[in-house]
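Below you'll find the structure I mean.
For clarity, chains are labelled A, B, C, D, E and F in written order, and residue numbers in each chain start from 1.
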Amino acid sequence: MFARLLAPRTTVSAHCDLPCGVYDPAQARIEAESVKAICEKYQSNEDPVFRTRALIIKEQRSELVKHHLWVLWTDYFKPPHFEKYPHLHQLFNEATKLAGAAGGKGTVDPAEAQKLLDKIAEIDTIFWETKKAA
Amino acid sequence: MFARLLAPRTTVSAHCDLPCGVYDPAQARIEAESVKAICEKYQSNEDPVFRTRALIIKEQRSELVKHHLWVLWTDYFKPPHFEKYPHLHQLFNEATKLAGAAGGKGTVDPAEAQKLLDKIAEIDTIFWETKKAA
Amino acid sequence: MFARLLAPRTTVSAHCDLPCGVYDPAQARIEAESVKAICEKYQSNEDPVFRTRALIIKEQRSELVKHHLWVLWTDYFKPPHFEKYPHLHQLFNEATKLAGAAGGKGTVDPAEAQKLLDKIAEIDTIFWETKKAA
Amino acid sequence: MFARLLAPRTTVSAHCDLPCGVYDPAQARIEAESVKAICEKYQSNEDPVFRTRALIIKEQRSELVKHHLWVLWTDYFKPPHFEKYPHLHQLFNEATKLAGAAGGKGTVDPAEAQKLLDKIAEIDTIFWETKKAA
Amino acid sequence: MFARLLAPRTTVSAHCDLPCGVYDPAQARIEAESVKAICEKYQSNEDPVFRTRALIIKEQRSELVKHHLWVLWTDYFKPPHFEKYPHLHQLFNEATKLAGAAGGKGTVDPAEAQKLLDKIAEIDTIFWETKKAA
Amino acid sequence: MFARLLAPRTTVSAHCDLPCGVYDPAQARIEAESVKAICEKYQSNEDPVFRTRALIIKEQRSELVKHHLWVLWTDYFKPPHFEKYPHLHQLFNEATKLAGAAGGKGTVDPAEAQKLLDKIAEIDTIFWETKKAA
C-alpha cells in the first residue's frame, strides 16, 4: 500500500477515442490476471457446471484483454514510438494472439496465461518509458 | 515507476462472477479519470462535432464506472465488511449516483467528475484495508 | 400489489439515466423467471449440448437480473426511501448476490432461482409502495 | 401475491433462445414508454447537453424495442399463429419500423412514440390471446 | 447470383438506422458460414474444452445472423417489396428461426447450418433483384 | 451457386476465435462504406437531431471497422505473412487509426472516410493474395 501512495493515481492517461488521453496497461493486466486465476480454478474443480462457467467467463475476459491491448496499439502509440521500439508491432501481435485461441481462450493451462501476463509486462514497461519521455 | 516495482502486480484480486477472485478499484478509477478528462476537453473546445462526441463517449465511460462499482459492491464485499463499515452501502450508492445523471453523465463540469473520483478514492481505501485484513 | 390492479400497465416510470422516469421491477423479474425456467429445463435434459447452452444463456440472464436491480437501487431509489426502508440496501445487496455466483449464475437448482424471485418480489412490493406515496 | 393471480398479464412466459419459454411484450413496452418520456423531456428542455444525451439514450432504447419485438416475432410466434393472424407479419414489420429511423429513433415527437406504443398494444393483445389458447 | 458478378462489391448500400443506405446480405452469410464451420469442427474434435468453446461461439455467431437478417427485414425492405414478394415475410421468419434454437444455436449438425445458408441465399437473390430494380 | 465459383472474393473463410476459419475483409469494408455514407448525409442535412444521430451512429460503425480490422490482424495473419509483407503491421496500424479519432470517428469529411476505404482495399488485396497462396 505504501508503494501506491508514492505512485500518484494521476499517472494514468487517454483510452477512449475522443481521445480523453487516459491510458493504462493495468486494464489489460487485470483481465489477464483473471484469465490466469480462472485457469487455476478450472484445474482444481471437476464439477461440470463450474468448468463450463469457467470457460464462458474466460472467453469474455480474454476478449477484454485483446480489446484493451488493441486500443493501446492503435490509439496510444504513435509513429515515433514505433520507430524507437521496432519490435513493438510484433510484441502487440504476439500478445493479442496469446489472448486468443492460441492461449487465453484456447487453453486452461495457467502457464499459458502467465506467458500472456509476461507479454503484457513487456508492453507495460515500454508504455511507462514513453510516458516518462513525454 | 520505482513505486510500481515495489508494488507487486499480484495485489489485484476477483472481478468476474466465477468468481476468479481478481478485483481492483483501479478499473472504476481509470474510467472516472476519463470522465473528468472529457469534461475538461469539452470545456476548452467549442466545435459542435467534438462536443457531441465528447457527450457520447462520456455516457459510455460513466456507465463503465457504475458497472465496475456495482461489481465491487455486490461481488467483492461480504456481510462482515458491511458490518465493519456501516456507511459502505451508502458510499457505493452515492458514488454510483455521482456517475449517473446527477454527475458523470449529466454534467460537463470537471469539478463534479472530481467528486466522483473522491468517492472512488474512499472506496479504494476501504477496499485495500479489507485486503490487508484478509 | 392491489395497487397494481388499479394502476394499469401504464404506471411504469424511468429506467435510463437521462433519467426518463420509467422504472419497473418487472424487467428484473422476467429475467429471473427465465433463470428459473432454465434451471428446470437443465434438470430434465441430459443432452450435453443442451446443458452447455443452458449454462451460457443462464449466465447472460442472471447478469441482466443484476443489471436491472442495480439500476433500481442507484437510479430509482433516493435518500428518503433508504431512510424509510432501512434494510433496503441490504435487500438489494442480497438480491444481486443471489443472481450471481452464489445463486442464479452458480447453481442449476430451481429452488435457488426461486429464492432470487422471492427477493425481487420483496423489492417489487417496496417499489410500488413508494410509487403510490409519490 | 394474490393480486398477481388476478392480473393475468403478469404471467410471464420464454424469451431467450434455449428456449426458456418466458416471453412478455412488457419488455418492449417498457422501453417504448421510455422512448416517449424522452421525447417529452426533450421538448421541454432546451439545454444542449441534455438534448444530446436524450438523443443518445433514445437511440439505445429504441434499439431495445426493436430487439424485444424481433425476439417475439421469431421465437415466440409459430406457423399456426401466423395462419390465425394473417396480418401479424405486417404488424411486427410496421412496429419495428416505427421504432427505427421512421419513428422512435428518427423523431423527437411524443405523438410518433405513442404510435409505436399503440402498435405494441396490438401485438400485446394477440400475444395474450395465443397464451390463453395454448 | 449472376447479377453479383456484374454488380461489383461497391454496390453495397444502408444497414444502420440513420439510415446510411448501406445494406448487404453478406453480413448474415459470413456469420452463417462461421456457424457451419463451427459445427464441422465440433464434429471432428472431441476435446471437451474445444467443444464447450465451440458452443459458446456458435451461440454468438447465430445471434449475429439473426440480427443482420432482422435489420434487412425491418430497415431495408419496404411495403412495395413485400407486395412484389408475398412470401418474403415468411422467408425471413423461417430464416431467423433456423438461426435460433431450431437450427444454428440448437444443433451441431452442419446440414442444419447449410439449410440456414440456403435460406440466406434465397434472401440474397431477392435483395439483389430489388437493388437492380431501384 | 456456379457464379460464386467465378467470383472468388465471396469465398468467405474464419473470423471468430475458435477459430472457425471464416474471415472476410468485407466486414470492415461494409462498415466503412457506412461511415462514408453517414459523412455525406451529415454534410447535406442541417437538422440538429439528424446530425447528432449521425454522429452517434458513425461512432459505432467506426468502432466496428476497428474491431473487424483488429481481428484480421491478430487472428488471420500469421508470422509468415508478416515476413512476406513487411509493411503489413504499419498498414493495419494506420487503417485502425484512420477509423478512430483521426478519421472515421473524429471527422465528418467524406474524403477522410474514403482514405479509410482505400487502406481497407490495400488490406483486402493482400488478404486475397494470401488466400490464393494457401
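Everything that follows uses one rule, which is that a contact is a pair of C-beta atoms (placed from the backbone, for glycine too) under 8 Å apart; a residue touches a chain by one contact, two chains touch by 3 or more.
All figures in this text were calculated on a predicted structure; none of them were measured in a lab.
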item	value
Any chain in contact with subunit A as well as subunit F	B, E
Minimal step count in the chain contact network, subunit B to subunit E	2
Rotational angle, Cα trace of subunit B fitted to subunit C, multiple of 5°	180
Repeated interface matching C-D, over half of the contact pairs identical, chosen among A-F, E-F or B-C	E-F
Most widely separated chain from subunit E, with each centre as the mean of CA atoms	B
Rounded Å distance, subunit D centre to subunit F centre (Cα mean)	33
Distance between chain centroids, defined by C-alpha means - subunit A, subunit B (Å)	19
Numbers and ranges of subunit C residues touching at least 2 other chains	17-18, 52-53, 56-57, 59, 105-106
Chain-chain contacts as defined at top	A-B, A-C, A-E, A-F, B-C, B-D, B-F, C-D, C-E, D-E, D-F, E-F
Of all residues in subunit D, those that touch subunit B in their complex	49, 52-53, 56-57
Footprint of subunit B on subunit F - complex, ascending	51-52, 55-56, 59, 105-108
Subunit D contact footprint on subunit C (complex, rising order)	1-2, 4-5, 9-10, 12-18, 20-22, 24, 26-27, 29-30, 33-34, 37-38, 41, 50, 53-54, 57, 60-61, 121
Of all residues in subunit E, those that touch subunit D in their complex	17-19, 59, 62-63, 66, 70, 73-75, 82, 89-90, 93, 96-97, 100-101, 105-106
